[in-house]
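To keep things simple, chains are lettered A, B, C and D as they appear, and every chain counts its residues starting from 1.
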Amino acid sequence: MSILIDILLAIIMVYLAIQCLLTPRLIQSVFLFFAFGLGLALAWVRLGAIDVAITEAAIAAGFLGVLFLDALKSFAPKVSVKQDNLEDIYKLPRRNIKSLILPRVILVLGLALFLFIALEAVWMIPDGGGLTASAEALLPQSGVEHPVTAVLLNFRAYDTWLEIGVILLGLLGVFVAGGIKLYKKPGASKPDPMLRQVILFVTPVLFLFGAFLLYIGKTGPGGAFQAAVLWGAIGILLHLGGKPIFAMIPRWLFHLILTMGLGFFLVLGFLLIADGRTLFEYPPAYAGLLILIIETLGAISIAAALTAIYANLNQMEEETNEVEPTT
Amino acid sequence: METYQIYSLTSAILFIIGIGGIFMARHFIKKIIATVIMGGGVFLSFVSFAQRDAITFADPVPHALVITGIVVAVASAALALALARRIYQLTGEETFTNDK
Amino acid sequence: MIHLPSSPFPALLVGLPILMATLSLFFRPGGKAAVGLMGSILTAGLALIAFVEVTQRGTVIHILGGWEPPLGILLRMDSLAAVFIGMTAIVGVFISLYAWGYFRAQETSAEGLPLFWPLWLFLWAGLNGLFLSNDLFNLFVTIEVIGISAVSLAVLTGKTPALFAGLRYLLAAITGSMAYLFGVSLLYGSTGTLDLGLLGEVLEPGPTTSFSLLVITLGLMIKMAGFPFHFWLPPAHSSAPAPVSALLSALVVKGAFYILLRLWMEVFGVSLTYAAGQLIGLAGAIAVIWGSWQALIQTSFKLIVAHSSVAQLGYLLMVFPLLILAPGVSADSADWLSPAWTAGIYQVIAHAFAKASFFLSAGLIIMALGHDRIESLRDLVGNMRITALAIGIAGVSLIGLPPSGGFMAKWMLLKGIFLSGQWWWAPVVLMGSLLTAGYVFMLLRLAFAPAREMNTFRPVPKSLEIIALMLALGSFLIVFPADSLIQFLESSGVFGSGIESIIEGGVYGND
Amino acid sequence: MMIKEIITVILIVVGCFFFLAGTLGVLRFPDLFSRLHALTKADNLGLGFIAAGMAVYIASPWAALKILSIWVFTLLASSTSCYLIARFQKEQEQPENRKEQE
């Protein structure tokens, strides 16, 4: 019975993935992407990866989905006008479409062959045994009780540190691509009163829930990344509600918030090296506390970076397109 | 057939769908979505092996790797989206129509 | 279990550039450049100290967090990593000095331009991290750091062609790293370890291993623009600002080559086949011929140089077939293996110096002329003597004329080719050199030709010209320590004595 | 024990019915407003029934509180977004009216 659920879920995911790429309308594509993300999150739950499920739902389906949705604002109108005419969407004269058929057939056949080998490779995989036993043996020394948090912030803290750096890099890249636009002109758009009230109510709840997720990460599913997305959601909501928080604080403070997760992690690592240890080798007595501090600062930094990425993308077109004042 | 095998086979299928999408989809946004689907397939294979290797709990290492990987993939996708929107804003192009 | 000396340098080599990068964010544009330049010089100094440490103490390691593999991550600085880090340091510091002057001399200031410094320091940290990494997943994170910072740098000008090229580059990079990661997942699933050393010991041949080899190789070939995945390279490299083009061409693509070399030699030894080697060699051979031919027919200087990169990277791919002898052919391993892979390393270093010099010169020409169409290069010698000299010297190294670094690389490659009995690669090497000579001499002929009309060369800073010249000279100077460098490379024990002994002995010096 | 499970099953079946009705409404109703109506009202009711069923099944006050908060926040989110979508649509449909108001 339960295996039927898994098979059904697998079929749904494959269908959604294919449909998401084949549908001619961009808006359908984006919404199917949301559905695909949620299907994937369900698959993580079925596989017992609750941490991954929360991360997937929050960052991959949630945050990235919001970015895609926001992109529709600029892309979708044009596509929807032309949707009834396939050739216009592809922007190619008919003979070009015909000349594309042969390479496509070859590509599809190649992919089918590739799929066959991939399936064989996955099916025939020897059982390597994984690292569950060694993680379990060393868990008491890690300072936390939840194995995934122990791996993320202690056993493989180096990867996690670099990853916080990658998010910061992503933001820098977005700055390079779109110009640094954190500042939404105040009064440019007046948010709806009801939206403002809801934001006012939801913000503290989101904050508390984020803090809960962060704290619970020590013993169960949850942790810095999941908390960061919730806190990032606060920033995004405030941005939408006409209160862009980074426009209200000085630039140096923004940079401090942005870099403190990465910076504290690194400075701590350097201090540990100066103490004769290796990078990120916490003294066992303080490991739990240090991990909590790193997680908190890291979550705030990631939340700030996510907010800034959204704010920047959201205002991508504002140089040319004047925002219409809504009353 | 074990539960993990359903998902590891699905992971290979999603991986191939993603690759196909990157090459065959024309619109920037769809290409970016295809990369995310491809990533989803890769992460699914990690987690399916983690479930296979469970003792008292599922193997935490792949879980941690996948969390890291998802965040990294989202950062790259966000950058790609920024580039695509900037291109659209400057030129009105939404596909790689010619060699630019 | 692990008997190698520990050292803090590997961790510092990754940490310091990131520390300086985050610090530089706090400053205004002028300050960013100052902090960035200081960070580059500090990192280069640290890299050289670490290099010296490795020459004296041998391979050093840094066990991150004190957790030994397979659960933890280990940074390993052996002689191969030390050589790559040293190369990055020398080329990187010259390019940093050039960038300092170059961005100051720019009239238009795009908003993102000062972000060059934090992005470049992140890129440097990613490269150092990649060379030091000994963990499959950590390698993925470092190539993502490199990929995202490289794409951001490539679109720094914010102009439309750069954005198109950047998006193409980014999509190719994501595809490549995801393919790589799928292979990593299968390897982890079938062995339960991510550590390169342990993996090489426990990996067994089978369909899963072969498929991981396939996807990892394909993914990394996309990343290093190996034929037929080279499509993203020429537009991305030619539309970036000059210092960035130099970084991308000289350093970034070498990262993927480094991983590929390490994995083929250390991990996949058991499942490599003769045919796999020949296939990747064929891709390299086509890249050499096709890239050189394309370079010959381009009309803009930067596009010539970018297509030349495709060709020069093809030589790197031609190293791989030489690592695997045909079935039934036997050769004394010390004889053929050493010239084959040291040729690859020499090609990497010589190309890094020469290509960096080329791109920096291209930046100066654009600065002087406002564009880089080659017909305007007439009378370059009369107007920009030092730049013309730099182009000439770097060009000689690219062609592979003695006594340049490029000559060393090609000579050793030919030696490896004949010792391994795979003579059919030799004509490709010679043909590539001939075509390279074609476009280099075409450039030089124009540079010496008398001006047809009045070309207006705006004056450019002499110091920048000298930097380009020094890099070009560097591609010659690397010949002199060749013997000791090769000896040093072989001392790592990773490649020196053939694939079999690696599998038997492991890489940590344990039994 | 049996009674608890029977109540759970009944509540979840009722919840599924409302979900089905809501989905049918989204697919079949002619315009955006009636679709929104179907989506937010019927689906939230369906979710409420399913949440109630789950709460009965788990039968722990702490879990029940968590499930209740899930429902409350979903209600909040869907009603807000329903309102915003409807308002946006209304503004799109009557640009002339809006100009007159200004």
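As a working rule, a residue touches a chain if its C-beta (ideal position, glycine included) is under 8 Å from a C-beta of that chain, and two chains touch if they have at least 3 such contacts.
No experiment lies behind these values; they were computed from the predicted model shown.
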Open item on the list: Quick check: more C-beta contact pairs at A-B or at A-C?
Closed with: A-B
Open item on the list: For subunit A versus subunit B, what separation do you get between their C-alpha means, in angstrom?
Closed with: 12
TODO: Determine the centre-to-centre distance between subunit B and subunit D, using the mean Cα coordinates as centres, and give it in whole Å.
DONE: 31
Task: Mean-CA-position distance for subunit D and subunit A (Å) - done: 26
Task: Residue numbers of subunit C (touch at least two other chains) - done: 71, 137, 141, 144, 148, 151-152, 155, 158, 163, 166, 186, 188-189, 192
Task: Junction residues of subunit B, two or more chains touched - done: 8, 11, 15, 18-19, 32, 45, 49, 52-53, 61-62, 65, 68, 72-73, 75-77, 79, 83-84, 86
- [ ] Hunt down the residues of subunit A that sit against at least two other chains at once, touch-wise.
- [x] 118, 121-122, 125, 127-131, 135, 151, 155-156, 159, 163, 166, 169-170, 173, 177
Task: Chain pairs that touch, as defined at the top of this document - done: A-B, A-C, A-D, B-C
Task: subunit C residues within the subunit B interface of the complex - done: 71, 137, 140-141, 144, 147-148, 151-152, 155, 158, 160-161, 163-168, 170-171, 173-175, 178-179, 181-182, 185-186, 188-189, 192, 194, 235
- [ ] Under the touch definition given earlier, write down the residues of subunit B that touch subunit C in their complex.
- [x] 8, 11, 15, 18-19, 22, 28, 31-32, 35, 38-39, 41-42, 45-46, 49, 52-53, 61-62, 65, 68-69, 72-73, 75-77, 79-80, 83-84, 86-87, 90-91, 93, 96, 99-100
Task: Residue numbers on subunit A that touch subunit D, as the complex places them - done: 192, 194-195, 198, 201-202, 205, 326-327
Open item on the list: Could you list, by residue number, the parts of subunit A that touch subunit B in their complex?
Closed with: 2-3, 6-7, 10, 13-14, 17-18, 20-21, 26, 29-30, 33, 36-37, 40, 43-44, 46-49, 51-52, 55-56, 59-60, 63-64, 67-68, 71, 74-75, 78-79, 89-91, 104, 107-108, 111, 114-115, 118-119, 121-123, 125, 127-133, 135-136, 147-148, 150-152, 155-156, 159-160, 163, 166-167, 169-170, 173-174, 177-178, 225, 302, 309, 312-313, 316-317, 319-320
- [ ] Can you check the complex and tell me which residues of subunit A touch subunit C?
- [x] 117-118, 120-122, 124-131, 134-135, 138, 151, 154-159, 162-163, 165-166, 168-170, 172-173, 175-177, 179-180, 252, 255-256, 258-259, 262-263, 266-267, 269-270, 273, 277-282
